[in-house]
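Letters A, B, C, D, E and F mark the chains in the order given here, with residues in each chain numbered from 1 onward.
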């Protein structure tokens, strides 16, 4: 981390991490930002993924658990929940663990946030052919 | 889970889980509620811990990762963060992983929530003789 | 409350309360959860309604006033507001009182939350043939 | 309401309502704002209480139920919860009903918000010699 | 401000300010409230715009910067963001400044809130023929 | 921005911006993080200030207006409000404009958030000998 890097290199490093975790969904968000807020897209990739996600101190699956907790608690983040439920699956969490995390969230955020998160998962799981859960 | 249980048995089952995860800090909250909202204390234990935490679908450490994410995102939950930073240590997360989770939270909640969470951790880690982190 | 109850009995008791307060709308949410998060559905009914709503200490109409206040303040809970505006009507609050509660909320949550709540009520009231209010 | 009123008259009308509901605690907040944000103090009184609270469409006790719900859900509003737990008592809600409202809030906001509200009530009830609740 | 005014005059004064700042979008919200919550519509205009926006202490463009910050942070206020992104353009902020404000918000609210705000701006800018930004 | 930079250079560039805007208060936060979350301190400086604040697209005073709006709306960010009320003064906003921004916030966030922000300003203004405002 101590070597000199260019802005482009930092973006490229982040893009590798983004692709590995968020898959196509992440790239689509960045693309959708390109004609209006390209710097926001750059920073999500170069900073969010290149500087933070890339750090070795917490496993990708653990980062998604924290992220699912935050997005559920924040409310109004259904598009991001969609991306990160996909990401959670990509990094090895099972559908059952994701739903269990949302059930768990009802203890701390109440049922409305938990229900909204589960219904977002329902769309993702349906798209990926994962329902019904058994 | 299909057998008949009494209200007291459900409390006792939850209390076992609470003690294992939150330790003394959890019991103190329940005690502080006893003269004003004993039913809230009962439900935290019997339902939150007895019914939700007790489920096998998500490891205790994974539940704390989700919980730390939620409490950080909610804001204004410093007393609960204190309890759950302790809980996170109790169930095997390292101080470094906890701090990494808070750093990660800055991507989704911004720096103020992340800073408040870290300063709560600073009190907990100081009490437990864990600082400086290296 | 001190007798032994089975999980199914606790669900059935909550279901009675849910049906009385939320009507068909509540049952639909539980049904929609059944293929992805049946345990969340169970807990909403058995705990939320069976253990909390069923308590005699606060009238059903008073519980809905508190609930409308919370859902308005939380934001991003329009589906739940829909259910609970219906519930508020079911337990005897008038459309005028519900709208007055949302007007009142603007003092504590600001106009955006109040407006979003009123527009959710507009859909509910339209479906139930209650507009225009006079 | 259709007659002409001066700014001072609108303040005076609101002050009557404020005093009746919030008692001394409300007046203290307005006084504390006087050297830094007197217009905010004026608007809380003249608008919040004179225009909104003064309306007949919702009983004072019902307004406090909505308000307790909102302040609990918002989080970080402990000073305002203190004022409005007092107000709730002033307009006829019992301590038991207030605590029941906070227990109820855990269904929609989760336990941390409910616990913080109850501990604020504990201070108010202690000051007013209302503990232990039985 | 010290003269006597009628309720109608206060509405009319607010309506002038509303029209100047929010344009047609503001009037549409008030119209949509007219059959269900006319008093809320009245107070948004007479109080929000007549009493607060009308004050000379902060420029209209500065008020919109504060407002964009608040609406982004609150979350779940996309309809209001739509109105106020339009308002921001109406009072002289450039599209680039608005997007920069949302990029800036990611430091304090995290990326999800910033992204949701930018995508709301994307709809507004598209409607007004302002894309792509260069 | 296209040249190669080292991590240390990015920190140094951010530190210059931080010192100019937040003054001593910003440096104190970074120092307080150094024994527990030095990477969070690094990123606040190198990214928040070096990458975002440093951008020319929005004046420092405008960034503080957005920031005051966000921190007021978020709630529970009193320590950060303290830093940024100071920052707002440092970059040329007057005490009156800051208070006007908080009064304005009551339209969008309600009175409790506005009051909490003003009382934080009261501490800052008292420390800087700025009261009473006239």
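In the analysis below, a residue touches a chain if its C-beta (ideal position, glycine included) is under 8 Å from a C-beta of that chain, and two chains touch if they have at least 3 such contacts.
Bear in mind that the values here come from a model prediction, so they are computed numbers and not experimental data.
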item: Labels of chains that are neighbours to subunit A and to subunit C; value: B, D, E, F
item: Intersection of the contact lists for subunit B and subunit C; value: A, D, E, F
item: Same-site or different-site touching of subunit D by its copy subunit E, using the half cut; value: same
item: Superposition rotation for subunit B onto subunit D, Cα-based, multiple of 5°; value: 120
item: Remotest chain, subunit B as reference, centres from CA atoms; value: E
item: Distance between the centres, which are taken as Cα means, of subunit B and subunit A, whole angstrom; value: 23
item: Distance between the centres, which are taken as Cα means, of subunit D and subunit A, whole angstrom; value: 40
item: Subunit A and subunit F, separation of their C-alpha mean positions in angstrom; value: 28
item: Interface hub residues of subunit C, defined as touching at least two other chains; value: 39, 43, 48, 52, 55, 71, 74-76, 80, 103, 105-113
item: Arrangement of touching chains [line / ring / star / complete / other]; value: complete
item: Residue numbers on subunit A that touch subunit C, as the complex places them; value: 75-76, 99, 102-103, 106, 110-116, 118-119, 121-122, 125, 131-133
item: Residue ranges of subunit B in contact with subunit C within the complex; value: 1-8, 39, 43, 47, 51-52, 55
item: Interfacial residue positions of subunit E with respect to subunit F in the complex; value: 48, 52-53, 55, 57-58, 62-63, 65-74, 80, 96-97, 100-101, 103-109
item: Parts of subunit C lying in touch with subunit F, wherever the complex brings them together; value: 105-113
item: Subunit A to subunit E touching residues, read off their complex; value: 29, 32-33, 35-37, 39-40, 43-44, 48, 70-71, 74-77, 79-80
